[in-house]
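See the structures that follow.
Look at the two complexes coming up: subunit A is in both, with subunit B in one and subunit C in the other.
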Partner chain A sequence: MAYHTPLYLALFFPAILLGYQLAPRKYRWAVLLAGSFGFYYLVCGRLVLYLAGTTVLVHYLGIWIELLRQKSRMEGEREQERNWKKQGKKILILGIIILLAILVSRKYYNFLGQNLNALLEALGLLPYFPPKDLLLPLGISFYTLMAIGYLADVYWGRIRAEGHMGYLALYLAYFPQIMEGPVCRYSDVAAQFRRGGDLTGENLAAGGIRIFWGLFKKIVIADRLNVLVGELFAPESSYGGVFILAAAAAYTAQLYMEFSGCMDLVLGSSRMLGIVLPENFRQPFAARTVTEFWQRWHITLGVWLKTYIFYPASVSFPAKKWNCFGKQRLAPYWTRLGTAAIALFPVWLVNGLWHGPRWSYIFYGMYYFVLIILGIAIEPMRLKLLKALGLKEDAWYYRCMQRCKMWVIILTGELFFRAEGLAQGLKMYVRMFENFEFSPLWDGSLLNLGLGKGDFCIVFLGCLAVAAVGHGRERGILSYAGLQRLWQPFRWALYYGLILSVILFGAYGEGYQIVDLIYAGF
Partner chain B sequence: MDTLLEILRGIDCDIDFENEKGLITDRLLDSFGLIMLVGELETHFDIRIEASEMMPENFDSAEDIYRMILRLGGNS
Partner chain C sequence: MKAKRTLVFFSLLAILVFLLSGLFNPAYWFLRGKIQNRNRAHAGIAAEEPDTIDVLVLGDSESYTSVSPLELWQRTGIAAYVCGQSSQRIPETYYMLKSAFKNQNPRLVILETNLLFRNMEPKKNLETALMEGIQYYAPIFRYHDLWKAAFQEESEMGSFYKGFEFREEVVPYEQGEYMKATQKKEPISPYVKWYLDRIRRLCEDRGATLLLLSAPTPKHFTVKKYNAVSEYANRHGLAYLDLNHRISKLGIDWAVDTMDAGDHLNLSGAQKVTAYLAEYLKREYQLKDHRMEEAYKRWNAEAAYYQRKAVKGLETIRKKTGK
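Let's turn to the complex of A and B:
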């Protein structure tokens, strides 16, 4: 029951809305919790026990850390404070190990086993890890990150441990976000869950429009592109040259439309309930640097990695040792570069691994790690070059150049990300440069890949519309409040146009297959 | 405070540290500038900055940073 299916949109979600409004204010969280666990059970059956177990574990460990802190505060001694920090840290580490063990045992067992078996065979030993048919609990990668973040925040004293297990359970299981995020922090949503406010016309309207906008991106554009992407990335396919470039561009567009469209469905659903979740995308293709791209793409994952991995790594023992060494023996340039590498390596390794148990995902993480480090390394030279050539960073032509560079970087990364394994990714990348000609783009060759002229027109116009809306949103023109300021007939024409385009141009029915949410697989 | 301002100017001389109130939230100081700043603060004020202190509230302005230094027992 994904968010774009009729079952969710026409039956499940309206029932939750109704139940939420009819319930007494103080029990509305319970309606959401029952709905969330019901949603989970409908999708995953008995695997809901993993989610329930994680909730109990995290609740218990959080309270344990909190009690230790309170005890040390009452006793007040500095020594006591130090002791609680040590004990609290042990509990935090225990929690992280258990949560990661569950995640690894379900998601990475076969990957690790396969690689260890290969290693054993290389050493002349017999394989030891038989492959297992493991089912992955829905959203385990998302709720594990949220659970770890919650425990770390309690340990760091940024939030108090939640005493009410129901609210914590709702935080981890909240049905709009369980499949694809956003990766929330407890402080983002706790007060909103407790408030249990009435449904309002404004929230229903704003959320409803957002849901239709998400459906437009998902069903009209992403699902249509899926036909093209499936054909070009098929393991047996032998396309080369500009077809590979088209494959990378089509997949990048599909992934963005799909993931950001799903986020519109998620944020829209939640907004209708009066609960505002953090945004996950902000015009990523307008980024001028790699770092900026990751501040605009999957924002909440980036914030999580920065808060719980980058900062702790940057004040870790190796980073501090390197800093000291660098100050005494090296130029600031090398010290800065080394510190950045120490802090960024675990971030990008986790980013790659988090997406799934494949070498191509690890490559994807390392690809961005190398690019960011390269960016820091050449920054002084870049500034000198700009000065020497008299170029201005904010000049339109320079911004254009930077964006073109970013598009090349993004398309290359997504090519490897989507390929069926690292080997296929490398093969496709090499084939792109063989017999490269632009003519297949207009000689009709692209029309043999499953999409007709009309489909290409719809995709092109749809992408233009998404870019225009994103541009408008960035400038605050096309936010819900901004829409309200438009001339009423024009505004309603936009709403009807959106709804009709989903119904008329959606890629469903004969000739199309239902496409699962991509990020739900992560 | 003067030492702190001197350190901050050493990290990025283009930022008006005396008046800026959103060094992190307005993304004036990037993550790499921040980790370099942490190293400098630890050396100059003889403090230990842990991961729990790495939040915008502690680094958004020179005053915020100064308050954190005092709270951590720095030699001001």
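Let's turn to the complex of A and C:
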């Protein structure tokens, strides 16, 4: 029951809205919690026990850390403080180990087993890890990150441990975000869950429009592209040249429309309930550098990695050691570069691995790691070159050049990300440069890939509409508040246009398959 | 004020959806060959002249591979139409019947029983029921991608044979007797029963007789299923014709008459079933012979075309089997 299915949109969500409004304010969180666990059970049945178990574990570990801190404060001595920090850290690490063990046992067991078996065989030993048919609990990658973040925040004293298990359970299981995020921090939503405010016309309208905008991206563009992407990336396919470029572009568009569209559905649903979740996208294709791209694409994952991996890694023992060594023996340039590499390597390794147990995802993470380090390494040279050539960083042509460079980087990354394994990704990448001709783009060859002329027109116009809206947002001239200021008949015409385009041009019903949410698989 | 504005907004939206539903006239597009997916059966019955169909056949693929309306026409002059769809689910059957009743008043509704035992997971059932309801009341949701016709070249509509599908493949069934006696019953799920009751009541309301029909299919049919359908038919006073108990009377030869080892019949098998059905309908129901009527002139033309194709098809089957 994904967010774009009729079951969710026409039955489940309206029932939750109704239940929420009818319930006394004090118990509205309970309606959301029951709805969230009901949603989870409907999607993956008994695997809900994993979520429940994680909730209980995180709840009591959080309270344990909190009690230790309070005890040390009461006793007030420096020694006590140091003791609680040590004990608290042990509890935090215990929690992280248990949470990661659950995640690894369900998500990474076969991948690890397969690679360890290969290693054993290479050493002339018998394989030891038989493959297992493991079901993955819905959203485990998302709620595990949120659970670890919660425990770390409690340990760092950024938040107090939640004494009410119901609120914490709702934080981890909240149905609009359980499938694809965003990866929230407890402080983002705790007060909103407690408030339990009434449904308001403004929230319902703003959320409703956002839901339709998400449906437009998801079922008009992304699901339509799914056929083309499936054909071009099929393991047995032998496309080369410009077809590979088209494959990378089509998949990038599909992934963006699908993931950001899903976020619109998620944020829209939540907004209708009066709960504002953090944004996950901010016009990523307008980015000029790799770092900026990751500040605009899957923002909440980036923030999580920065907060819980980058910062701790920056002050970790190896980083401190390197800094000392660098200060004594190296130029500041090399010291800075080494420190950045030490802090960023785990970030991008986790980023790649988080997406799934595949070498191509690890490659994807490392790809961005190398690009960012390269960016830091050549920064002084770049500045010198700009100065020497008299180029201005803010000049339109320079901005265009940077964006074109980013598009090449993004498309290359997504090509490897989508390919069925690293080997296929490499093959496709090499084949792109064989017999490269642009003519298949207009000689009708693309029409043999499962999409007709009409489909291509809709995809093109749809992308144009999304780009125009993105441009408006980037310039700060388009927002929901801005829409409200428009002349009402014009505003309604826009709304009707959006709703009717979803109904008319959506890739749903006979002849189409419901396409699962891509990020729900991660 | 806000409530009033909201009401106006949604009323206007409903009007727009209604207008668009009218704009996408399925009959018009069906006759131009633009509807080729599972919606073809919906559009096909909508494209028939009003009040011309006497017998409506509903069901999954067993229906349109077993009953040939134009064969029936040639033998009896009874105007029948098969509204079958591959893997039809019972809410689809119900709404198909409701849609058909919009411009037809069949005296007899034949429901092929294979779909009564297609029980999906509850979530899927609920989703199908929901979507079928939405598509019935707002057909734009069913025919929304007809705009693509603007990008397609003009094509001549091939005959749809009143819902029948020509299948000339032959893969013999060799597992022997499949109707092994037992007192046990295959359960019909409450969900299916609920829709079956609705279909039954709808037929009663519209003055149509409901006949349950089990087409020959060794792969799917069992005595357990027969017992379950018989029980339902007896309880509600419905006629039930099980052809799996009449294989020798039908003259079915499993080496020749099935296209996929006993799952579906081919053209040869369908002709034998239809011949038997023709006699049964003549005997049990007083249905009119329309062959000489001016209003059915086109049926005769289509039947002649069907006949030419059927002769060729049977010849192909004969060549394949040597029988």
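Rule of thumb we're sticking to: the second predicted complex is superposed on the first by the 520 of 522 C-alpha atoms of A that agree within 3 Å, B and C clash if a C-alpha of one lies under 4 Å from a C-alpha of the other, contacts with A are read in each partner's own complex, and residues count from 1 in each chain.
Rule of thumb we're sticking to: contacts are C-beta pairs under 8 Å (C-beta built on N, C-alpha and C of every residue); 3 or more make two chains touch, one makes a residue touch a chain.
Treat the numbers as computed from the prediction; the structure is a model and nothing was measured.
**Q** Here subunit A is shared; do subunit B and subunit C fit on it together or clash?
**A** Because the two structures are overlaid on the shared chain, the partners are seen to fit without clashing.
**Q** For A:89 in the superposed arrangement: first (subunit B), second (subunit C), both or neither?
**A** Neither subunit B nor subunit C is touched by A:89.
**Q** Is A:42 in contact with subunit B, with subunit C, with both, or with neither (first, second, both, neither)?
**A** Touch status of A:42: second partner only.
**Q** Contacts for A:505 in the overlay, against subunit B (first) and subunit C (second): which applies, first, second, both or neither?
**A** After superposing on A, A:505 lies in contact with subunit C but is clear of subunit B.
**Q** Contacts for A:452 in the overlay, against subunit B (first) and subunit C (second): which applies, first, second, both or neither?
**A** In the superposed model, A:452 contacts subunit C only, not subunit B.
**Q** Calculate the angle at subunit A, using C-alpha centres, between the directions toward subunit B and subunit C; round to the nearest 10 degrees.
**A** 170
**Q** Check whether A:73 is in contact with subunit B, with subunit C, with both or with neither, and answer first, second, both or neither.
**A** After superposing on A, A:73 lies clear of both subunit B and subunit C.
**Q** State whether A:343 touches subunit B only (first), subunit C only (second), both chains, or neither.
**A** A:343: touches subunit B, not subunit C.
**Q** Determine, under the contact definition given at the top, whether A:6 touches first (subunit B), second (subunit C), both, or neither.
**A** In the superposed model, A:6 contacts subunit C only, not subunit B.
**Q** Check the superposed model and tell me the shortest C-alpha distance between subunit B and subunit C, rounded to whole Å.
**A** In this superposition, no C-alpha atom of subunit B lies closer than 38 Å to one of subunit C.
**Q** Show which residues of subunit A both subunit B and subunit C reach, each in its own complex.
**A** none
**Q** For the complex, give me every residue of subunit A touching subunit C.
**A** 1, 5-7, 10-11, 42, 201, 452-455, 457, 492, 495-496, 499-500, 503-506, 508-511
**Q** Please name which positions on subunit A make contact with subunit B in the complex.
**A** 155-158, 291, 295, 306-307, 310-312, 314-315, 319-320, 323, 327, 336, 339-340, 343, 376
**Q** Which residues of subunit B touch subunit A in their complex?
**A** Within the complex, subunit B contacts subunit A at residues 27, 30-32, 34-36, 38-39, 42-43, 49-52, 54-55.
**Q** In their complex, what parts of subunit C are in touch with subunit A?
**A** Within the complex, subunit C contacts subunit A at residues 2, 6, 9, 12-13, 16-17, 20, 37-39, 123, 126-127, 130-131, 134-135, 140-142, 144-145, 147-148, 150-152.
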